[in-house]
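Note that chain A is present in both complexes that follow, paired respectively with chain B and with chain C.
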Partner chain A sequence: MIGLLASLLDGVLIGAVYGLAAMGITLIWGVMDVVNLTHGSLIVAGMFAVYALAGAAGLPVYATLPIVLVGAFLAGLALYWISVHRVIGQPPLMSLLSTFSVNLVLVGLGTAIWSTDLFNVPASLPGFSLGRYTFPGTHLMAAALTAVIAGVLYLFLYRTRIGKAVRAVSGNREAAELVGIPTSQVLALAFGLGAALAGVAGMLIATMFPFTVLSGDAYQLKSFVVTVLGGLGNPTGALLAGVALGLVEGLTTPFVPVSWTLVIEFVLFVLVLIALPGGLVQLWPRRRD
Partner chain B sequence: MARRPFFWIIAAVVALFAALPALGNDIELRESLLLAAIYVTLASNINMMLGYAGYVNFGSIVFFGLGGYLCVWLMGSHGWPLAAALAAGGVAVSALALVFGLGILRLRGVYFALATIGVNEGVMAFVSTFQPWGGSSGIYLSPALFQPLGGPARALWIIYYLLVAVMAASLYLSYAVKRSKFGLGLLAIGQNEDAAAVLGVPAPRYKAMVYSLSAFLPAIAGGLYFFKSAFIQPPDAFDLQLSTETIVIAMLGGQGTVVGPAIGAFLYEQLRGWLLTSESFSHFQLVISGVLLLAIVLFAPGGLMGWLYRRWPRLRGILE
Partner chain C sequence: MKRTLLAVALAASFAAVPAYAANEITIGMTVSRTGALNVDSTTQLRGAELWRDQVNARGGIKVGGKRYKVKFVEYDDQSQGSRVQQLYTRLILQDKAEFLFSPYSSGLSATAAVISEQYGRVMLVSGGAEEKIFQLGNKHLFQCITSAGHYLSGAIAELKEHDPHAKVAFVYSDDPFSKAVVTAAKKQAEEAGMTVAMDESYPPSTTDFTAIINKVISSGADAFLGGGHYADGATLARQMHDQKADLKWVSILVAPDSEKFKTLADAAVGITVPSQWEPQVRYKPQFGPTVAQFTKEFHAKFKEDPDYHAASGYVGGLLLEHAIEEAKSVDPEKVAAKLNAMDVTTFFGPNKFATDASDHGLQVEHPMVLAQWQKKGGELVKEMVWPDAAATAKVQYPLH
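Then we have the complex of A and B:
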């Protein structure tokens, strides 16, 4: 019983990081109606960045966070101007295909450089014991950092002028343009932020689990599941849904082989899309903001 | 049908495919054309989703892989003859696609595309853990299974001709669908799904139907392909590379046209042969597919056929 409880609590910690990754997808989706299929690659880029910085350059693992954040943000800006800017406002097929093709390039480069070997980041923190079970310190740290980043993002979106511009463009791009908001720059900024969230999520995942160049697909799928659970375009919902998905994983891991997790999550994804297309937040009354 | 020039173009291409390697008994040419036939089959089937209905299916390789698995498994573990195993594989995968399609038919646009990624991951995870199919180590076929076809050498020729037939059937199917009321409905969905629905196109049903239809021939091609290699394993059956190449080919030739995917397959096969032989590029196949696809999406979304049609509008009356 205590084992199940511990598994659930650990699921919540890991789920918070899934939520962080999904906030990146949902932010980009909400602001520009683009599903970012480079998301998985950005997560992997975050993983390898921390591997390179902490492993080869010898920085403390958590000191790499700001570097990963800024690097992924800049990568996101570049990706926006390369692959997304020209297809804004076109049918969704086009942005899907363009981000998909950039993803191929990134995966191809990654496999050419690192092949598909398993990598590890040497992160160790003192854990927290509950009876016979010990929560790894890295999981606690990841969840704590997620909470901090989510809080900063909230303050940015709701307490700053630029954040207000992002929300305005998200609400109605043409109207935002009419009142003098430089929408292209705002879209690029939002894409960069989404990419930064993906990169940091990848960095935090790398401190918890081993990874390969191809790990991105699984985490990207999880991010989609979480995004849909939380309602597309809703960052708070994404964070909560991430925790919910972590709970589901915590609940299933003691009973089901790990390789089945993705199948279960996919079934969940389709069920939610069919039954509750607005996400779990539909279940409670909407707060006006 | 037989009066339209287009029908004769297809017939001539297929005759060429059938005759070329047989004339000189050229094994190398046959292998290269066999791959081209698979490309054409996969690309023209994905084109019915992508080009006609405007729905991108990132998981089309699932049909190919599952068809391969069913065929190999029925022949290896249950002693079915090739024809029966192929037919059963095609029908079963098509039926499964219909079930998936009915499950995800209510999803539109992007949601549908995301669901197809999920189908891909879900099926792969399922097959890698499914013990009757050997889990992650796959299934091997005994060489004795080639005996009923007259020995391995003759069996390979038979498989080649069957694949050419599957390719011809794909082109014909793609043409027949485009000419039909069903195809018109799909094209309308591709233009504007809401308007199509208002005008009485049963969009969800049509989407599920085309999803299932586009599964049938790739499943048979998969069966033939993996029977030929006498071995199947999850990474080969659900190869990301092949799945992407299919989309690249359909876009390169021109989505929504019948000949586009065929021309795209030919061009891509040439390009690929050239890339494989040059040492420095062979590691970067995914990168090159990606750059190519990005360039097409951004600068020439109509593909080669779109360009030809703009250049010579009269071609529209001859080609499809």
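Then we have the complex of A and C:
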């Protein structure tokens, strides 16, 4: 019984981080209708950033978070102006191709520099034990930081003027322009924010698991699943859907062979989509303000 | 007149090419420079390169009265079977490789073997332990390393001495090598009187083992046997440490043998690994370098100690060289005949190939050893702990 509880709890912890990664995609998707396929690379960039900063520069691991946040934000701004600005308003396929090609370039560069070697960030915190099961401190810290960041994002979107501008642009770009909001800059900002979330998610994942240059793909896939489950454009939905996915993983693993977990996850995903095309978020009334 | 001159010049240049190639043997192979298998594949290549450089420094392989230099042609297979298929065909047809070395890993070696057998090329398999590769009716495959079924016998024998009724969790990667190892090991464990508490495979691309480790803890297992290749093995070790799984005995395949495993620091302590070869073995070679010479020369060239993948890469070349010298020819049939008759000991240990059609090329003499990471004076050191005759240190049991 405790085994099941341990599994569930750990699922929630890791699911929260999946949710954080997904928040990056859903923000960009919701605000500017762009499918950001450089998301995986940004996650990996966050992983390498914490590896370099904590390893080579010797900074304490969690102190790197603000650096990664700002760095990824700036990288997102750059990516926006390079590959996304021109394809805003075009059919979604254009932005997909654009970000996909930038992703290939980034992964290729990364492979050329670091090959596909496995990297490990030596982060350890005292964990919390329940009987024979231990929850690694790194998982607890990652989930806690995710909650903080999600909270800050919520405050930003719903309690600041700029946040309001972002929501306005995502609602109706033309109308926003008409009332004098500099939409290009707001879009760039939103993209930067999405990138920052991806980078920080990568940083937190790196404190928990080893990674390679190619790790981004798997997390990007999970991010998309979580994004759709949570409802496009809804960061809160993404976080909750991430936790839900983590719960599903935690629930199934003690009972079925591990190789079945992915199958069950995706079957459930398809079922949810059939029943609730708008994502899990359809289950509760949406805030309108 | 000009056109005739040009034609003659072209013809002459083509005629010149064989004369250049006549004093050279081309050995073809693919290497996983990228992808999940890259750590160990690169080490295997380094062993082979050391052999090639040393042979060429001596003037080349002696073939009767002449000396043939060795040339490698290698491509990146990206750890993918589909690339192996294309590239070995290319190596044989376009690069005219006379002999082949296998890629790294049983899965990729099996694919390469299909191609090499199709064209009748001799292939030295240093990276494929799975028995099945050699049981499909081949004539020119030669396995230089101990086969998969024997990998965990040492770990089980050692565990039996400390806890004959241990509860064992088998958790392994869903790939041909790991499955072959565990199928044999499970039988050996049950015959030794142990209970199988868990038997589960995971997709090779798995990066998070938290849930699996919780399952191992739930199963009440005392010992953990399994893993796959470097990435998953290293992650398993780290997460078992983070989650305080506190198992009494852990044997992980492949990963802990690499020098890189040291980077796991405390997570590495006590972990055992079945190994084809360690720098501390005491084999006396009939030809080729001694254990100490090989270790020193590898270290001098690559600034790190060789692990068993490097040694197996080197011995592939060494055995091929010996066979060619004995055959006094580079004709594949003559070389294969000499390899079939071979029963030798090198720095790598004894090597003899099965000659029966049902499992031609399977390695029948080479033994495994068991190594364990131990903390000596604050430093992480890999010691040999089994078999007792070859041990350099006492085994640490339980691990913590």
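A few notes on this one:
Assume the second predicted complex is superposed on the first by the 263 of 289 C-alpha atoms of A that agree within 3 Å, B and C clash if a C-alpha of one lies under 4 Å from a C-alpha of the other, contacts with A are read in each partner's own complex, and residues count from 1 in each chain.
The rule is short, and it goes like this: contacts are C-beta pairs under 8 Å (C-beta built on N, C-alpha and C of every residue); 3 or more make two chains touch, one makes a residue touch a chain.
Quantities reported herein were computed from a predicted structural model and do not represent experimental measurements.
In the superposed model, A:64 makes contact with neither chain B nor chain C. Residue contacts after overlaying the shared chain place A:223 against neither chain B nor chain C. In the superposed model, A:273 lies in contact with chain B only, and not with chain C. Using the contact criterion defined above for the overlaid structures, shared-chain residue A:183 touches neither chain B nor chain C, since it reaches no partner.
Contacts of A:234 after superposition: neither chain B nor chain C is touched. Touch criterion not met for A:26: it reaches neither chain B nor chain C. Contact with chain B, but none with chain C, is seen for A:109 once the two complexes are overlaid on the shared chain. Contact with both chain B and chain C is seen for A:257 once the two complexes are overlaid on the shared chain. Within the superposed three-chain model, A:38 lies out of touch with both chain B and chain C [touch as defined at top]. Once both structures are placed on chain A, chain A residues 111, 218, 257, 259, 261-262 are touched by chain B and, in the other complex, by chain C. For chain C in complex with chain A, the touching residues are 33-36, 38-39, 174, 200-203, 205-208, 210-212, 214-215, 217-218, 230-231, 234-235, 238-239, 242-244, 246, 260, 263-265.
Only residues 35, 82-83, 86-87, 91-94, 96-98, 100-109, 111-112, 217-218, 221, 224, 228, 257, 259-263, 266-267, 269-270, 273-274, 277 of chain A touch chain B when the two sit together in their complex.
Interface residues of chain B facing chain A in the complex, by the touch rule stated above, are 50, 54-56, 58, 103-104, 106-107, 109-111, 113-115, 117-119, 121-122, 125-126, 128-129, 240, 244, 247, 251, 283-294, 297-298, 301.
On the chain A side of its complex with chain C, the touching residues are 3, 6-7, 10-11, 14, 111, 115-118, 120, 122, 124, 127, 129, 132-136, 138-139, 208-212, 214-215, 218, 249-250, 253-254, 257-259, 261-262.
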